[in-house]
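In what follows, subunit A forms one complex with subunit B and a second complex with subunit C.
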Partner chain A sequence: MKIRKKARYVDPGLCNACEECAKVCPVVKPDEFQMGLSSRKAIYIPFPQAVPCSYILNMDDCLGNNPIACGKCADVCEKKAIDYDDQDEIIEREVGAIIVAIGMDVYDPTEMDEYGYTRFENVITSMEFERLICAGGPTAGHFVRPSDHERPKRIGFIQCVGSRNPKIGRPYCSNICCMNTVKDTLLLADHYPDTDNYVFYQDIRAFGKSFEDMFQRSKEAGTKFIRGLPGDIEEDPETRKLTITVENTTSGRLERHELDMVVLSVGVVPPKDRDKVSGLLTLSKTSDGFFMESHPKLKPVDAPTRGVFFAGFCEAPKDIKDSVCQAGATASRAGALLNAGEISVEAITSRIDEEACTQCGLCAAVCPYGAIIWRKGEPAVVVEAACAGCGACGATCQFGAITMRHFTDEQLIAQVRAVLAENPQDKVFVFACNWCSYAGGDMAGISRMQYPTTNRVIRTMCSARVSEEMVLEAFRCGAPAVLVSGCHYADCHYINANRQTVKRMQRLWNKLDKAGVRPERLQLEWISAAEGQKFAKVMRQMEEIRETVTMEEIEHTKQALKPKPKKKAPKSKEAAAAAS
Partner chain B sequence: MAEVTTETFRCMMCGHEYQEKVEKGEDKERSCPKCRSNSIWHLKKKRPAKE
Partner chain C sequence: MASNPKDDEIRVGVFVCDCGLNIAGAVDCGAVAEYAETLPDVACVVRNKYTCADPGQNEIKDAIRQHRLNRVVVASCTPRQHEPTFRQCVREAGMNPYLMEMANLREHCSWVHPGEWEAATGKAKDLVASAVARARLLQPQEELSVPVTKRALVIGGGVAGIEAALELGDAGHQVVLVEKQPSIGGIMAQLDKTYPTMDCSI
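Entry: the complex of A and B
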């Protein structure tokens, strides 16, 4: 792997953090670490506990580079540690495992105009609160209102800003905000016992060790917890006091509270660099946008791509303790992989027949793991250690060059023919993926759910393994209705292989329509392992479809979908030349 | 800004036909707004025949 080490423009080995450079630097910029509540220079130490404790120069802000117009910092640096010509360094490393711990970003509340974050100076976020009350913050720990630098006496905290809100596309709980607010109220009670604190919430989630105790201590310290989220905030232009209107859902009354300051307890969002990392390591995301683990219970720190592990927020919102636990587990998993000396590969992997391969590269394009290497003019090659066995490549290859071990085309077609050998008109044919839909069928069974007995299920590892030919063969064998089912988008066990299923289904519907076959006879459903009820419902619907199909229709379908003589695989120029 | 087009879809379970805005390159699980089925056929616009 290649790592870009960004240029610091200051040699950390020489810099002794004497501060002389920052004193003479004429550039003043908002300090990102202090949430813009104070300023920094173009040359600065990013935050007080930075390691190494040496200055860095932000070249985007510096005047000294383009053209050399300033250079004051270099002039005063006795150690000659400043180098304007410093360059980014590319470091190459061979690694056996990668741990993804890219953290998270904080929700920006500017879009929630009802809370007036952009309109009222005394509405701040919980991150800004953190800086204001911190001894190393811009006010040296003196908690003051931004508008007049007076100490606020009545402070309101609004919970779930950017969390548990489907309207703004963030339905998930950010996990940390409730306890962060409880901690903040305790800090205020400790520093300023005469302050009145109000917390407006929809639920307080104090589920960790000692968290309930902290919550009770906050209540005992006088914090008023009001169940209900405010609908509006108004500001008195003279006093800059804020009035909150809220429906207290415990008492059922509409309340108005006059406050000096409002703190928005903002949630967390997936990191902005998530897509870049996701593309590099072929990782998938959940519907919330955080990275998806290989299995939520059995492999909670493993990525679906082998040798990649997660730690911390990038996988899901969690507090410090859980992050530390996950980091420990991740280190152990990575250590076990590296120390084993050998790796065991999946039994179900694909194999490419070099002779039959037409070098088209389609298989490499659909592989969600990047496990197929293809170069123009050369047959594709499978990296077995990286192949997870979804079978998307096998179903995509039109020339029979790819064999999926244990789920070969011949085996699956034979199953289709065997199932439909007798009285096919009485059967609903189902392709179900191993991880979700097949397990959904099991769930329906063990839950004793009632559904028609006409369905016949064939299991494949992924719905992406079901080729067009398999579906057409089922119709040719007389199946009145065919269902292809797989995992929901966010649950696909092979990163995003089931997107290939969707593309294939679109082609099949077009094909059936063109051939004069009712496309409704082919259905697609995403059924998770927990959706036994949905499985039963879909089976009932499929039976209704089956009942509408006549024998004449089945006979017509058999004729309309008769296979055409196979076209010869076009050979590449190089292969043809070699053969002659 | 990603390109957004209005596309037509048909539910293969209930036959409901509807239009939805589609962002180029979006990755979204589709379901019928009427019956929640996932059998959604993307009806592509037919190209006008060449004269």
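Entry: the complex of A and C
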């Protein structure tokens, strides 16, 4: 594993955070930590309690990227901690366990224009509220409205901004916003007992330990909870007061409330770096976009990739206490793995028969792990420790030289034949990869989603294991419809082995077409482990396809796909195409 | 084979799990068991209430000895849940764990086809036939052991990452904590007070 340690341009070992450098720095930038409500310099400390407790120079902000031209900070630094020539450093470390705790991002309410976040200065987000009420914030904890720095007397909180809203593609509950708002109202009641606080909500979810007590305290402190989400907000250009219109769903009446300030209780969204991390570690995500765990109940902190674990928000919205609990659980799981000292690798790796190998090198070309070593004129060799057992090589080898241990051609073909031995016309044959689509089928089961009974699923480790021969055999046995299913393109658990699946399917469709078999009888679908619903839907679609297939068609297919008496070696052109 | 090297004969034992009513509520497990007896090389069929529970596992172990089984098919839930359980079970009875195969009658059948007694039972039979066909061709396998580097990487220095790193550190493990921002603390550091205790975030 390689880590890029970014240049700080200030040596944290020397810096004593005396602030002299920032005092002389001429560059003024919005302070990200304060949500842009105050400013910082190009050389700054992120916040007073930062760890490491050291200043940092943001080179992009520094004067014209040519610090020599200014150099004021270095001049005043008594510790000589500033080094303009500091470089990023690449650190390489071997690790045995990885904990993914990349957190979340806060929903940006700009798109919900009805609340006027970008139009009205006195509409703020709950994150901005945090900075305004904090003693370490830009106003030293004096809660004022942005437009005139006066203390607001009537404050409204709007819940579920960016949560539980399928219209904007965010159907999930963000988990923390109800209690965060309850907390905010208690803070206001404590600091300024004369403010009137209104909370507009659809449900208050006070489900955790001592949450209900807090909710009741807020009501006792005078907070008015109004059931209903406002339709829009108007601003009086003179007074900058805000009027919100809301249907009170308890009374059924349309209400208008004039407020000095509105706080949008914003939800949370999956972190920006999610796809980068999931690509590196082959992780899957749920339909909400958070990381998918190995099992929702029994392996809640394990990633499907062995040795990878989750902690905190990136797995699902949760509060601080739950994050801490999960971090403890994940540390325990990772610790157990590290303590074990060694792990056994499932005996599903590839083996090459030197005698049968024609030294074509196709297997080495399709191996996503580079686990097959092939030199011209020599039989290919598998490096067992590097082989993950996807089976892409086994399905690619045309000469029967590769045996996938525990998922052999013979075993899989035997399954095809056994399933389709009787009344094949009534069955949809499904190949599902272990990690995603088979698990998606499990998810459909756990969630009790119903779908037609006609499908018969067999499992391979990766969709890339499914050879042309296996699919053709299913059709020869009389299957009206065949589905090959795997992980979503970017989520393949074998790096990118499922690209081989796509190529193979393309060749199969062409082959079927040439043989006069309707290519749509063979389908390819990507179904993730979290997509039980999609699994059920695909099974329904497959059943619709099956129903269109006649007995005559099935008989014709059997004849048309009959294997030639003796299989010839494929033409070199085809072989080259397979490897490309 | 593995359990009985002198004997070349394949002897498959099929264990059909009711899983209480999880499977037996939607699938005729008795009919599935009867059907399994007709499959090639099947030497014994046992129906269990809960195959994964100790009594169920003991029935597997007893049958392996009594019927000189050298292949086992457990027709119960998804292999993604209990494959390790049953692999361990047959290992304890002296069999190579790779000679055990599962048929997924629960997640892929009974749970998704409630109220379709006939069709679900038909599907369950096919799934067992598929598993037996595969089991007959299974070969014993040996696993490779790989050493684990005794160091953990934690990606993200928010409250979850910090806590996980500290826990691992306290347990004596080396930890590399990676944070993209200049300071650890994450979003929690930006909060003023936190619920439900109303104390400071930092």
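In this text, the second predicted complex is superposed on the first by the 358 of 580 C-alpha atoms of A that agree within 3 Å, B and C clash if a C-alpha of one lies under 4 Å from a C-alpha of the other, contacts with A are read in each partner's own complex, and residues count from 1 in each chain.
FYI, a contact is a pair of C-beta atoms (placed from the backbone, for glycine too) under 8 Å apart; a residue touches a chain by one contact, two chains touch by 3 or more.
Given the structure is predicted, the values throughout are model-derived calculations rather than measurements.
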For A:Met551, using the defined touch cut-off, is the partner it touches subunit B, subunit C, both, or neither? Pick first, second, both or neither. neither
If we overlay the two complexes on their shared chain A, which of subunit B and subunit C does A:Met127 touch? Say first, second, both or neither. second
Output check: A:Trp526 vs subunit B and subunit C. Expected answer is one of first, second, both, neither. What do you get? first
Is A:Arg499 touching anything from subunit B or subunit C once the two structures are fitted on A? First, second, both or neither. first
Greater residue coverage of subunit A in the superposed arrangement, subunit B or subunit C: C
First (subunit B), second (subunit C), both or neither touched by A:Gly341: second
Going by the contact rule set out at the top, does A:Tyr451 touch subunit B (first), subunit C (second), both, or neither? second
Enumerate the residues of subunit A that count as touching subunit B in its complex and touching subunit C in the other. none
Could you pull out which subunit B residues touch subunit A in their complex? 12-13, 15, 27-29, 37-42
Where on subunit A does subunit B make contact in their complex? 488-490, 496, 499, 505-506, 509, 519-520, 522-526, 541
Inside the complex, what are the residues of subunit C that reach subunit A? 78-81, 98, 104, 106-108, 111-114, 116, 119-120, 122-123, 126-127, 129-134, 136-139, 141-165, 167-168, 171, 173, 176, 178, 180-196, 198, 201-202
Subunit C-touching residues of subunit A, taken from the complex the two chains share: 1, 3, 8, 33, 35, 46-47, 49-52, 56, 93-104, 106, 127, 130-131, 133-135, 137, 179-180, 182-183, 186-187, 208-211, 213-214, 273, 277, 295, 298, 307, 311-314, 319-320, 323-324, 326-328, 330-332, 334-335, 337-338, 340-349, 384-385, 405-406, 408, 410-412, 414-415, 417-419, 421, 427, 434, 438-439, 441-442, 444-446, 448-451, 453-459, 536
